[in-house]
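Chain nomenclature is as follows: A, B, C, D, E, F and G, assigned in order of appearance, with residue numbering initiated at 1 for each chain independently.
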Amino acid sequence: MERPLDALSKAKGKIITVALKNNSVVKGKLDAFDIHINLVLSDAEETNGEKNKHSQLFIRGDMVVHLSMTN
Amino acid sequence: MERPLDALSKAKGKIITVALKNNSVVKGKLDAFDIHINLVLSDAEETNGEKNKHSQLFIRGDMVVHLSMTN
Amino acid sequence: MERPLDALSKAKGKIITVALKNNSVVKGKLDAFDIHINLVLSDAEETNGEKNKHSQLFIRGDMVVHLSMTN
Amino acid sequence: MERPLDALSKAKGKIITVALKNNSVVKGKLDAFDIHINLVLSDAEETNGEKNKHSQLFIRGDMVVHLSMTN
Amino acid sequence: MERPLDALSKAKGKIITVALKNNSVVKGKLDAFDIHINLVLSDAEETNGEKNKHSQLFIRGDMVVHLSMTN
Amino acid sequence: MERPLDALSKAKGKIITVALKNNSVVKGKLDAFDIHINLVLSDAEETNGEKNKHSQLFIRGDMVVHLSMTN
Amino acid sequence: MERPLDALSKAKGKIITVALKNNSVVKGKLDAFDIHINLVLSDAEETNGEKNKHSQLFIRGDMVVHLSMTN
């Protein structure tokens, strides 16, 4: 792999788990990303004490701690 | 979808729910956005312990955690 | 509306309410703004526990949470 | 007024009161400013629990919350 | 060594330990990095009170405190 | 004075007192500065509960609250 | 000295002590630096309550408070 964003390109259309700086964890299908690590997830479930469902969720890139790819 | 901002383009004129870094949640109609994720919402209701109504609200992009689209 | 800053252009000369990251709320007439959301308000009243009056107040843009327009 | 920095231009040589992000308040004569809102004040008095005098004080712009102009 | 990123180039394909600003420590094989210090690690183990395994993990660069190379 | 950095130019070679965002105060001779307000002080004494001496100290600009010039 | 980075150039290959924003202190030989103050230290000892040794450590520049040069 050449660059970190290549890993995101390969994850498009797949289920990923995103840890946010507010300690939320969001799991969903990666629809889109950009160089700021702005993300769009669909069928997303957010866990932060309680659980919330989002049919489509835009996440601002500067909130991202890390993204875990699922095999 | 190519880029995350495409999701915002499609949400223009629709009701979205925005989570902010100060733990406020704002629900309203998306009138405008830009690449910084600066937003303008109309007929917005902000919830943060108490509820506040705003006929039109400009939100600075760096306060945004995520935006949830409504079907 | 095309861009979020258009909402600020239309608010020039009108009374707005600005929420700041230090939990202050400032209400006053919007005299000027720029792309950083630096603001100048006149006849401004700041509320943060106590109240303070400012004949003219320059607010650094990165302190802004949101601006509420008044009809 | 066209731009927020015009208010600072008009305040040069006058007494202003600057609120900082560390809750200090500095009052003094505005000698210079730039687009980052870096400031130089002379004959400045800083209040933050205790009071400190500074014959000339350079303030880094990213520390500024707001500046209040005095009539 | 000329530049700090040269140390990351030499670490590609090797096991490194990354300390994050949220006090997590992640150990894994460095697959990719960029100038923002965005990282991709494979076979990563994250320790933050509990332990989590990630087959592939993208870490946003602004979360990085430091990276320790292993001989 | 035209620009805030002019005050730093005039302070080169003189004793200044720098307040940092971690509440340290560093007093020493200003050897060098740049537009980021990165500083080099020599014969510096840092006070933060305890006192530390530094023969030469590089301070990252984003840590600076303000610099007080001494007559 | 003209610019602050000149002090880092002169410190290359020498032992320096770096204070980080997470209150760690790292002492080691400066192998490389760049304009972001990204650093590589070798034979580094990190102190933060406990002590950790790193044969080679990359430190992200935005974590740096200051660097103390040793005579």
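Please note the rule applied: a contact is a pair of C-beta atoms (placed from the backbone, for glycine too) under 8 Å apart; a residue touches a chain by one contact, two chains touch by 3 or more.
None of these values were measured; they are calculated from a predicted model.
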> What is the Cα-based rotation angle between copies chain A and chain F, on a 0 to 180° scale and rounded to a multiple of 5?
Replying inline: 155
> So, what's the distance in Å between the C-alpha centres of chain D and chain C?
Replying inline: 19
> How many Å are there between the centre of chain B and the centre of chain D, using C-alpha atoms for each centre?
Replying inline: 33
> Between chain B and chain F, what is the gap in Å from one C-alpha centre to the other?
Replying inline: 42
> Which residue numbers or ranges of chain D touch two or more of the other chains?
Replying inline: 62
> Ring chains in order, chain E leading off, chain G next?
Replying inline: E, G, F, D, C, B, A
> Which residues, counting only chain D, touch chain F once they are in their complex?
Replying inline: 20, 22, 24, 26, 31-34, 38-40, 54-60, 62-63
> Can you name the residues of chain G that touch chain F in the complex?
Replying inline: 1-8, 21, 37, 61-62, 64-71
